[in-house]
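Just below sit the structures, each encoded as C-alpha cells.
In what follows, chain A forms one complex with chain B and a second complex with chain C.
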Partner chain A sequence: MRIPDSILRIDRRIIFLLIGAAVCIPLILKPRFQDSPTPIVQSIFDTVERLPAGSRVFLSFDYGPDTAPELDPMAKALVRHTMTRGHEVSFFTLFPEGVGQIKKITDNLLPVEFPDKAYGRDYVNLGYKAGLGGAINTMVVNFRTLVNADAEGTPLDDLPITADVDEMVDYVIILSLTAGDPGLKEWIQFAGDIAGIPVMGGGTAVVAPELYPYYPQQLVGLMGGLKGASEYESALVDRYPTYRNATMEATMRMGPQVVTHVLIVLLVLLGNLAYFLGRSDRRNRAGRTGQ
Partner chain B sequence: MRRRIPLIITFIIGVVLITGYFVTRGPFNTLYESFSDYFAIITVFAFILGGGSLLKIHLKRVSSRAADWPYSVVTLVAFLVTLVIGLFKVGNPGGMSGEILASGSWLRFMFDGVYNPLSATMFSLLAFFVASASYRAFRARTKEATILLSAALVILLGRTPVGAWMTAWMPESLAFLELPNLANWIMAWPNTAGQRAIMIGIALGVIATSLRIILGIERNYLGRGE
Partner chain C sequence: MDVTLMLWIDAALTLMILSFLYRDNPFYKFAEHLFVGVSAAYLMAVGFWDHLVPNLLGKLFPSLMSGVVPGAVGRSPDYYYLIPAVFGMLLLTRLIDRWAWLSRWALAFIVGGAAGFNLPRFLDSDFIIQVQSTMIPLVVLDASGNLLWGASFSHVVLVLGVICGLVYFFFSVEHKGALGHVSRAGIWVLMVTFGAAFGYTVMARISLLTGRMEALGAWLGSIF
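Coming up: the complex of A and B.
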C-alpha cells in the first residue's frame, strides 16, 4: 500500500485516541488563553451593566445536561454579573431538564458566592412550564395565567421579588441560554418582537449560526458556544477584578477546545494532502500505462 | 361527523387566532387570550399522551420479542422508576410537600448521578465522530467543496485564541484578514444570508401549510379515520 493510501485508511481508533488526548492533556495542564469580548458579546455585558440596580431580569435556562458544558459557564457568568449589579433575577425554563440546571445555580453557586442574597427577595425560581413557544405566548398575553407561583408552589404575591410582577413587560430584559427549540428564537418571536422586551443570551456553537440573522435589531447580543462564554467571562473579570481568582469554567475549557480545533484542522489538511498526492500518483500511473 | 367537527374547530380557532393577532379589540382579543390559556392547559396533557405512547410501543416490542427488545425493557424500567419516584417523591427528605429536586432526594440523585453523566457522555461522543468524519469526508474535490472547507477551517481556527495568535503579525491595514475577523465576517454575512433564506423559505411553507389546515385542505393530522 502506498503512503497516501495508508494515510487515508488510518484506523479511526487512532483518531479517537488523538481526540481523547487533545481533550485530556489540556484539562490536566490547564493552559490559560486570554480572550477579549467581541461586539456581539460585549453588547450583552454592556446592557446588563447599564441597567439600574434592582432591575428585574428574566433568565431562562432552555437546556439540559447534554449541553451544560457549553451553557453552564454562560449561566454562571450571567448570574455572577446580575447579582453583582444587584438585579432581581427570575429563573425559568422551557426544558423539563432545565429545572436541574437552575438548581445547580441556586444550590451551589448562589449560597457560596452570594450568601447575602436571599431567595424570594433577590432571586426566584419560576420553574418549568410546558408548551414550548406557546408557553411564551401565553406568558406575554397573560403572565399570571401560566405563572402564578414559584417552582415550589409559593404564590407570586407572597414573594417580594414577584409581588409586583403582573405582566411579562415588568421584566426589563430577557436572557435565554439556548440548546435548540424552544429557546432564544422563540423568545424573540413571541416576547421580544411582540412585547418589546430586549432579548439576548447564549447558544451552543451548533445553535448560534441560526441566531445571527436576528442580531442586532431583534437580538441585543449573543454568546456563541464556549468561545462566547469565555469572552463574557473575560469582560466580567476586566470590569470586576474580584473575579480574577474565581473559577472561570469557559476560560478553563478553552484549552481542550483550542487543541481539539487545531487537531481537527491538521487532520483535515492531512487528509486532503493524502487525497491529492494519491490522485496525482494514480494519474501518473494511468499515464504510464497509456504509453 | 367524526372528521367534520375537528375540521370546524380547527377553522374557528385558526381564524380567531389570526384575527386576534392583528385586531386588538373585543371579542377577538379576549378570545385570543382564552385560547392561549387553553393551549397551556392542553400541552400538559401531551405528556400523558407521550407517556402512554412510549409504554404502548415498548410493551409491544417486549411482548413480540422484536429486535433489540432488551433495550425496550431498560427504557420501560427507567421510565417507570423515574415516574414513580418523581410523582410520589419517593426518598424525598421533605416528603410529599418537599421540593421536587431537593438535595438528598432520590430524584436529585438520579438526575445528577445517572441522567446528567449519560446525557453529557452521549453529546461528547460527537467530538470523536465529527473528527473522524471530517478526516475522511472533508475533501476539496470540487470548487464548492473547497469554499466550504476553507470557511470551516477559518471558523475552526478563528473561534479560538490560536486564530488571533496566528494572524496577530498582520499590519493594521490588513486587520480584516485576521482569522477572528474573517470568522466573524463569515458568521455575520454569508451565514446570515443563508440562514435568512432558509428561514424565509420555512416561514412561507409554514404559512401555506397552516392555511391548508385551517381551510380543511390538509387533513393528514386527523389520521386515517379508522
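Coming up: the complex of A and C.
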C-alpha cells in the first residue's frame, strides 16, 4: 500500500489516541495561554461592572451536568464578579437538571469564597420552573404567579432580597447560561424584547453560532463556549488581581483546546494532501495501463 | 454519598462509555442503558413533582398539597384546572386503540396553542428586529466625521453576506448571469457559516472530553 493510501485508510482508533494525547498532555503540563476579552464578552463584563452595588441580577442556569465543563466556568466567573461588585443575585433555572448546577455554586463556591454573603440577603435560589418560554412569559406578565417562593419553599416576602420583587422588570439585567432550548434565545424573545430588560450571558459552543445574530441589538453580550468563558476570566483577573491565584477553569482548559485544534487542522491538511497525492498516483497508473 | 465512592462510579462509567471508541462491548451497553434509565426516571420524577403537583394538584386540591406546594395553605380550589386535567387524560387515550382518536383533541390544542403563543414572538424577535438590525450604514463615521474602516468593512460584509445568502435561497428566477454570481457568493457565505459552526462544535466536544479527562485525573489522584 502506498503512503497516501495508508494515510487515508488510517485506523480511526489511532486518531482517537492522538486526540486523547492532545487533551491529556496539556492538562498535565498546564501551559498558560493568555486571552484577552473580545468586545462581545467585554460588553457583559462592563455592564456588570457599571451597575451600582446592590443591583438586582437574575442569573439563569439553563443547563445540566452534560454541558457543565463548558458552562460551569462561566457561572463561576459571573458569580465571582457579581458578588465582588456587591450585587444581589437571584439564581433560577429552566432546566430540571439546572437545580444541581445552582447547588454547586450555593453549596461549594459561595460559602468558601464569599463567607460574608448570606442566603436570602445577598443571593437566593428560586429553583426550577417548568414551562419553557411560557414560564418566562408568565414571569414577565406577573412574576409572583409563577415564582412565589424560593427553591426550599420559603415565601419571597420572607426573604429580604426578594421581598420587593413584584415584577420581572425589578431585575436590572438577565444573565442566562445556555445549553439549548429553553435558554438565551427564549430570554431574548420573551423577556428582553418585550420587557426591555437587558439580556446577556453565555452558551455552549454548539448553540453560540445561532445566538450571534442577536448581538448587539437584542443581546448585550455573549460568551461563546470555553473561549468566551476564558475571555471573561481574563477580564476578571485584569480588573481584580485578587483572582490571579484562583483556579480559572476555562483558562486552564484552553491548553487542550489549542493543542487539539492545531492537531485537527494538521489532520485535515494531511488528509487533503494524501487525497490529492493519491489522486495523481491513480491518474498516472491509469495512464500507464492505458498505454 | 462518600466522595471516594462517587469518584469511582464516575470514573468507571466514563471508562465504560469511552471503551466504545475501541469497539462496541457489554460494558458500554451497560453504561448506556443505565444512563437512559436514570435520565428517564429523573425526568419522570421531576415531571410529577415540579409540573403536576404545583401546577395541577396544588390548584385543584390546595389543602391536600399544602405541605409540598408553597402558598397553597388557605387557598380555595381553582376548578378551571379541571379542563387541562381532562385534556391531559385525553392524551393517555392513545394507549387504548378504540379511544385513541380522543387524544387528537388534546394534541390539536397543544399544537394550536403553541403556534399561537410562539408566532408573534418569533415574528418580532427573529424577523422584524433581525431585518431592522441589518439596516445599518455602510459607511461608519466617528463623532468628528472620520471614517472608521473596521466598522465600515464589518457592516459591508454583513449586508452583502445577508443579500448573497438570501439570493441563494431565491428560487423563483433561474440563477444565471449576475444573479448566478451573487448566488455563488451566497454559497461561500453559507460555507463560511458552516465552517465556523463546525469549529465551534469541535470546541464544544473537546471541552466535554477535557471535563471527563479531568474527572479521570481526580480519580487517579485519589488512588495514588
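Just so we're on the same page, the second predicted complex is superposed on the first by the 291 of 291 C-alpha atoms of A that agree within 3 Å, B and C clash if a C-alpha of one lies under 4 Å from a C-alpha of the other, contacts with A are read in each partner's own complex, and residues count from 1 in each chain.
Quick note on the criterion: a contact is a pair of C-beta atoms (placed from the backbone, for glycine too) under 8 Å apart; a residue touches a chain by one contact, two chains touch by 3 or more.
Everything numeric here is computed off the predicted structure, so don't read it as measured data.
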item	value
Which of chain B and chain C A:L27 touches, first, second, both or neither	second
Contacts of A:A149 with chain B and chain C, given as first, second, both or neither	second
Which of chain B and chain C A:I264 touches, first, second, both or neither	both
Chain B versus chain C as contact partner of A:A118, first or second or both or neither	neither
Chain B versus chain C as contact partner of A:F16, first or second or both or neither	both
Partner with the higher number of touched chain A residues, chain C or chain B	B
Touched partner set for A:T67, first chain B, second chain C, both or neither	both
Chain B versus chain C as contact partner of A:P213, first or second or both or neither	both
Which superposed partner A:F190 touches (first chain B, second chain C, both, neither)	second
Which superposed partner A:A130 touches (first chain B, second chain C, both, neither)	both
Common ground on chain A, meaning residues reached by chain C in one complex and by chain B in the other	16, 19-20, 23, 66-69, 97, 129-130, 134, 137, 205, 208-209, 213, 224-225, 227, 257, 260-261, 264
Chain C-facing residues of chain A, complex	13, 16, 19-20, 23-24, 27, 66-70, 96-97, 128-130, 133-134, 137, 148-149, 153-155, 188-190, 193-194, 204-206, 208-209, 213-214, 217-218, 224-227, 253, 256-257, 260-261, 264
Complex interface listing, chain B residues touching chain A	32-33, 36-37, 39-40, 43-44, 46-47, 99-101, 103, 108, 111-112, 115-117, 119-120, 122-124, 127-128, 130-132, 134-136, 138-140, 149, 152-153, 156-157, 159-162, 180, 184, 187-188, 191-192, 195-196, 199
For the chain C and chain A complex, residues of the former touching the latter	21-22, 42-43, 46, 50-51, 55, 70-71, 117-118, 121-122, 124-126, 129-130, 132-133, 193, 196-197, 199-204, 206-214, 217
In the complex with chain B, residue positions of chain A that touch it	8, 10, 12, 15-16, 18-20, 23, 33-35, 38, 64-69, 97, 99-100, 103, 107, 129-132, 134-135, 137-138, 141-142, 145-146, 151-152, 205, 208-210, 212-213, 224-225, 227, 254, 257-258, 260-265, 267-272, 275-276
